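Next up is a structure, given as structure tokens.
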Amino acid sequence: MPIVLSHPFDDDELHEECGIFGVTGVQDAANFVALGLHALQHRGQEAGGIVSYDQAAGFSEARRFGYVRDNFTKASLMETLPGSLAIGHVRYSTAGSKGTTAIRDVQPLFAEFAMGGCAIAHNGNLTNAVALREELIRHGSIFQSGSDTECIIHLMARSIQKTIPERIKDALRRVEGAFSVVAMTRSKLIGVRDALGVRPLMLGRVGETGWVLASETCALDIIGATFEREVEPGEMVICTEEGVESFFPFQRVKPRFCVFEYVYFSRPDSVIGGQSVYETRRRIGEELAKEAPVEADLVCPVPDSGTPAAIGFSQQSGIPYAMGIIRNQYMGRTFIEPTEQIRNMGVRLKLNVNRAIVQGKRVVLVDDSVVRGTTSQKIRDMIMDAGAAEVHFRIASPPTMWPCFYGVDTPDRSKLIAARMSEEEIREFIGVDSLKFVSLDGLYRACGAEEGRDPRAPRFCDACFSGEYPVRPSDMIDTGFKLKVVA
Amino acid sequence: MPIVLSHPFDDDELHEECGIFGVTGVQDAANFVALGLHALQHRGQEAGGIVSYDQAAGFSEARRFGYVRDNFTKASLMETLPGSLAIGHVRYSTAGSKGTTAIRDVQPLFAEFAMGGCAIAHNGNLTNAVALREELIRHGSIFQSGSDTECIIHLMARSIQKTIPERIKDALRRVEGAFSVVAMTRSKLIGVRDALGVRPLMLGRVGETGWVLASETCALDIIGATFEREVEPGEMVICTEEGVESFFPFQRVKPRFCVFEYVYFSRPDSVIGGQSVYETRRRIGEELAKEAPVEADLVCPVPDSGTPAAIGFSQQSGIPYAMGIIRNQYMGRTFIEPTEQIRNMGVRLKLNVNRAIVQGKRVVLVDDSVVRGTTSQKIRDMIMDAGAAEVHFRIASPPTMWPCFYGVDTPDRSKLIAARMSEEEIREFIGVDSLKFVSLDGLYRACGAEEGRDPRAPRFCDACFSGEYPVRPSDMIDTGFKLKVVA
Amino acid sequence: MPIVLSHPFDDDELHEECGIFGVTGVQDAANFVALGLHALQHRGQEAGGIVSYDQAAGFSEARRFGYVRDNFTKASLMETLPGSLAIGHVRYSTAGSKGTTAIRDVQPLFAEFAMGGCAIAHNGNLTNAVALREELIRHGSIFQSGSDTECIIHLMARSIQKTIPERIKDALRRVEGAFSVVAMTRSKLIGVRDALGVRPLMLGRVGETGWVLASETCALDIIGATFEREVEPGEMVICTEEGVESFFPFQRVKPRFCVFEYVYFSRPDSVIGGQSVYETRRRIGEELAKEAPVEADLVCPVPDSGTPAAIGFSQQSGIPYAMGIIRNQYMGRTFIEPTEQIRNMGVRLKLNVNRAIVQGKRVVLVDDSVVRGTTSQKIRDMIMDAGAAEVHFRIASPPTMWPCFYGVDTPDRSKLIAARMSEEEIREFIGVDSLKFVSLDGLYRACGAEEGRDPRAPRFCDACFSGEYPVRPSDMIDTGFKLKVVA
Amino acid sequence: MPIVLSHPFDDDELHEECGIFGVTGVQDAANFVALGLHALQHRGQEAGGIVSYDQAAGFSEARRFGYVRDNFTKASLMETLPGSLAIGHVRYSTAGSKGTTAIRDVQPLFAEFAMGGCAIAHNGNLTNAVALREELIRHGSIFQSGSDTECIIHLMARSIQKTIPERIKDALRRVEGAFSVVAMTRSKLIGVRDALGVRPLMLGRVGETGWVLASETCALDIIGATFEREVEPGEMVICTEEGVESFFPFQRVKPRFCVFEYVYFSRPDSVIGGQSVYETRRRIGEELAKEAPVEADLVCPVPDSGTPAAIGFSQQSGIPYAMGIIRNQYMGRTFIEPTEQIRNMGVRLKLNVNRAIVQGKRVVLVDDSVVRGTTSQKIRDMIMDAGAAEVHFRIASPPTMWPCFYGVDTPDRSKLIAARMSEEEIREFIGVDSLKFVSLDGLYRACGAEEGRDPRAPRFCDACFSGEYPVRPSDMIDTGFKLKVVA
């Protein structure tokens, strides 16, 4: 089965590709966006952008590589983004051309139409972007970026509708895939979720008259906004100072929210679908302890993402919880390793075993997921070097066996260890005393589906675990990718 | 009681002023130093420096503001630091002139003597530096930095001893205060601790013939070095490829290691005095739970420093442990707040309450210490806003009532809340349902002194809690500072 | 007569807006382009860009603000521009939106068409760009820059021709104004001049098989290329390794080369229309000496642009030539003046009078042109302060009375001193003993038209002096600009 | 005759090592210093520094690599340099350790003495600095820089005099060599010249009460100061708001001003020793035309330094003056050449022949000096390639045969072409039709010594031409350098 997918990044974690945020009806809206993006930084660290609108200054825009805190906090920059309406975006990387991102690929994108300007940012991935782009170029569109989002812009430019919201509807009816979108005109803040609602989008209120759209609730908290409701799957909301209008431009289907948002992507202090992300993860740990109990002295998380599940495992099993691995808080994503010597030290720059704690102990290690398995190996080595008597891996998600086409950067399928090996083979490869993944049913139970997963109508998008893709990844099929099931 | 101390930084945490590291007998020693300093970054984030020696290139030096990972990882810089012998330093800030640090204040300092070059770096604070500096200037020394360490250099320059190690002894016999020193000549790596051993200094082995000196054991772990022993209070070690020579140049006295290293400064994965720092902190939590029990639903740490004590409190009390407050991992020390609006949001940039978890619950919050009380107030506000039913603060150290003169940056005594208020007044000021500090005896017990603190011969320097200063802070006395007790 | 023109820059010199360069058939073509642009830096100092093509790497592009020497000389950058075919551009400023240039406005622009990529750069100005842009947006084009050149790109995208050269012809037939263009496909280097040939474009050979296009011959010299011929007005050349093809896609008209290129823009070591620029300027000085003789002790240039005419004036008049004003060679365009104090010193940062030389002397000062008159006033002050007995201004061009719409940045007409005052009034305003401009006939004679200017068929575009515009500035007419004469 | 001198820079020009400037009695003195240093930038382009004193802020200092205009013009920097008294320095390079300059080597140096702070900057070179440094280190001084000037500071620190001016005298009596010094205390601006007065130092007045010290008069002009007089050889002046005090601390000897300041270093608009530098250079050209006439069509300068002499040559000989070589005004000192290809193009990046002017002509080329001869060769190649019929080199200084030890960076003697070859051999090496240097007598005549050079008592230091060193270069003698004559 020849598979020809390639991805720009090849490390051992999955990465969300975006966080989005918009606000209207507040003074210095760009400052709010900066704060919201800071709270969403875990969804994308490569670059960020903000567009604002002010009646006197018109549309203003800024795009920068690097963290929000290092760019969008300088008064000199923020002063260039005046107005009471603004949207922003943080990105991880691009499926764009040539592997490296140009600053022009950084969203929000902005375009001037005959009826006025429009800025747009999206979280997700369009599965027919390649085909759309080819078609648009054939008709005279000039693409300036490698970003999917630019297809939406060009589709809008060619729409014969008279208003920007109508043109957005026109354009989004032509795209396939998973997307949550925030957009703005001179007077409107607009939010849209695809029909399945794969990516999250929250609606909040701020101050007397302000409205906020954000990928997660933690971004409402940081600006003191109150959570109003989620934008519904397939819904378009238009927020102005007069209030919120709601539209449903797409064919209605049963929603399929991304279950991996619960497992790893979202922040533990966010609430999605009425459920605390932290609490969900803690419950996954409880499910794991029930499904895969073990005799041991300590339960230790692989920090930081394994922590809530490790707490749940400890509480369910009665085995004491301990910080057996310590994370260096000064580790950035840009520790450039100068010599072969240091490169070989790998993960120890970031993590160190708390030797005095684990020595001679039987340790349960709880991690959120296993992608390639190489990190798990290194962690196992570290903890054995420190003298642990036994190591039992417990993974707070089912085996990751399939790539995501809906906005998550997954390695080539051939690199996914669970696509190639059974649970027992993985255990042997990593070299631990036992290894267990939570079951798909267990995961669903922790996420609030008491009965587990209903195979005829699963509540979530779980394609990375099940291979059942709810939206045809058209561009990929052209490259020869064989799908197990297409919904 | 008029007190006239002022400190350059005025925020609500105590800060260690330095971390030191040295290595000999390895290829590309500066790379090892960079890694060691990265592991010690929590001891100082303002700047770092490395000096190396190579027979062909002589002494090479580099000093940079900012994190180790951002500077001492670039091949272009590291190539300028060749050789098999190197030392380094990270610093928090200076007691130096004019509040801002110049790059020339960044250690290690280097000087060329008639018998060859010497680089030197120290962690601690000289309590007679002002007087020494005046005396040296009167005799024709020209000071180039605001650093205490330069006094040591000038004292060495005026010594009539023939070798650098002897000159170091001469110089260190003239200084007062707390210090751990690493120094290097063309062939020797030298480590010294003051007679009381206030600051830590560890000796390790690396490879076949290499020796390492480091402030903490976590810096040995990162380079795969093995812990040999601590440099003893009052000891000078001279490490060469032939081995380690040991000297005791100072009058011997009973050691007084800094107890705050256990409470806050050191990393939880370090071992000091044969005790795991993590485990000590966990035990402080247990002591707290015994000394100050409370009925509650959840035990939550103020992250990250309160975490081990919160785990201990939970284990002792049986109250479930939970991450009720989430720390934004992308928070740097340089989040410049652009507007009044944002400035007022304060601590929420860094911390967010996990609203869904704490709502309606009686919460025990465990923090490592209370300095000014302002952060505690903000955390209390956050957690009450999130709907907690009750808030009980438990502090894993006794009230911080006195400034440190031995290398820790403490605010003016008038700013220390515990110097002005009783425990009950602090509780009222912060506005919580209950508030308790661990007792000094409880702290000593957690640190391994089963019998608690022996008031006639305390095992640790605890001046910040007790006001009993084991070394006369001469310079401070001249400014009118009244001491409670001078050892 | 209400005139509503505004220009982004308001200083007292005219500025060429661009220099262009292209080369094919040489190894590391981008290096040649960097050198060529360095030689053309006087035509634009704000920013520069290079696009290259290599079969393996495809199209590569780099755009930078600042001097060529500071950017396009770093091996690390130049290595990213491989291939044997490359074009480049230096720009002064943009007539673009909002006064400040974005990096995306920096040429060459690049677009991917169905039949392959094309990069394009132009020198000149399109006089119907505003109207074209509106029309293109109405039909769904999305503009990404404020650059005129982007109109050409979108016109090409909408052409139904099958090859890029044909699409370029299609597009250029739709634009009005003055332009010299260099463009490139994967295999062709293309050059075009508008029908009047307002802006220069030179064709040269380099090595065995290489071809070069450049704004001026000085850019051929720097790479050791030999001058072949000028691209003719209205000609398109297509250079490949097989040779040069020539086309004439536009209606043929009598050429009107910009006379100001001789007066000021071009470098003195360039040859245009078979005439040495230096020699032409020297002859303008001779004409001036004949038309406006004066008794004096010294002839001094206003450096550096007045130098050749001053030499000619001295040679014709017999009055000794001297460097009475010295230019500070370390003056950049970015001397930011820190205080009111220094701002008032103005021109002295750049120029200083050679006091010992001019004291007590009757001085003839020769300058290339007078735009607003403010600089002339300051120079007059300087030279009088230094004790000159008399000051006689001689200007090596006729009065500049009309704005340029063909690629030169001219101030608002109301700011042009010669549009508001007679020669005598200007003399009084500046405050000198005498002031004379060369006549338009004298200028034509120096440029090789022995008989002077033929009013029925002038050989040059001299609209800035005569107000006779050979191409309708359509966009300007819409703003209410009244033309004296439209050809 | 083995000679073992080495110099850090190896190119084909001589370089002055410094320019100095000081001012007192004006508001925002540092702004004046910035302007003065900008005017003196030709004396040193590597780095610059300013120290200012303000009663409230104390001493402030800033040092930067790069041009004055790029650093000391930013309001943000200049605001950190308050006060009405300031001094500054620009440097070319250092005779310092290891070839590369550290920022700490950049003057003015500053030191805190028991009686207050003192900043000091000097132009020149101490010929016994190596010996002094060794002696000072033996007595406990710690050197922080590679700068000669630090010897002066340490000598001052060890003086038992009570005031800083007296300590400066003490220190300067111990040093040998050539120096002009500006220094400042909290209230005094101090200037000193060595007994021979080798380097220039000018005194001026500014405003009602202000005093200025500057290397050249052009730096007085830029701030609108009036020239008062030169500081005399061997004089110390102390300027305060009360006026100027004068002292003569050294043994009086006959002055020997550096003749090369006239030939090349000083700016043409400066006046030294009552003589215009421009006029002196023009007269050297006249002398050359008398001493070495030739039949030719054009006299062309090698720009820019050969220009005044070329004008003089033309005026004396009647041969027309022309700009046959054009200098690229955008050439910086930092054009990094990316490829072998470009490296071989060498001088053409900076200079281009005005081909149309020189073709078929017999050209006299006038240059200021010949150091290694390699540049002359390249210029000859350029001008022959352009088709000149004959090339006659005329050099406006005698053959440069000996290194300078008084503050000018000269290459190793073995690299000086005139130390190895006769005039005829040089002509052949360069490959021109004729080549003549002006005679030493001719040079003296142009400099105002009507009778030429008096060999028993030469008026100038001309060691670079004559090998007669007026001050023993002690440090050099120790390295084995054989002197022809020591005065």
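Should a chain be cited, it is by its letter among A, B, C and D, assigned in written order, with residues numbered from 1 in that chain.
We adopt the following convention: contacts are C-beta pairs under 8 Å (C-beta built on N, C-alpha and C of every residue); 3 or more make two chains touch, one makes a residue touch a chain.
Remember, it's a predicted structure, so these values are computed and weren't measured experimentally.
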>> If I average the CA coordinates per chain, which chain comes out farthest from chain C?
In response: B
>> Nearest whole angstrom, what separates the Cα centre of chain C from the Cα centre of chain D?
In response: 37
> With chain centres defined as C-alpha means, what is the inter-centre distance between chain B and chain D in Å?
Replying inline: 51
>> Using Cα averages as centroids, what's the distance between chain A and chain D in whole Å?
In response: 63
> Touching two or more other chains, which residues of chain D qualify?
Replying inline: none
>> Run through the chains and report each pair that touches.
In response: A-B, A-C, B-D, C-D
> Can you list the residues on chain A that touch chain B in the complex?
Replying inline: 27-28, 31, 34-35, 38-39, 41-42, 45, 67-70, 73-75, 78, 218, 221-224, 267-269, 271, 276, 278-279, 282, 304, 307-308, 311, 315, 320-323, 326, 328-332, 334-339, 341-342, 345, 348-349, 352-357
> Quick one: in the complex, what on chain D touches chain B?
Replying inline: 103-104, 111-114, 137-138, 140-144, 153-154, 157-158
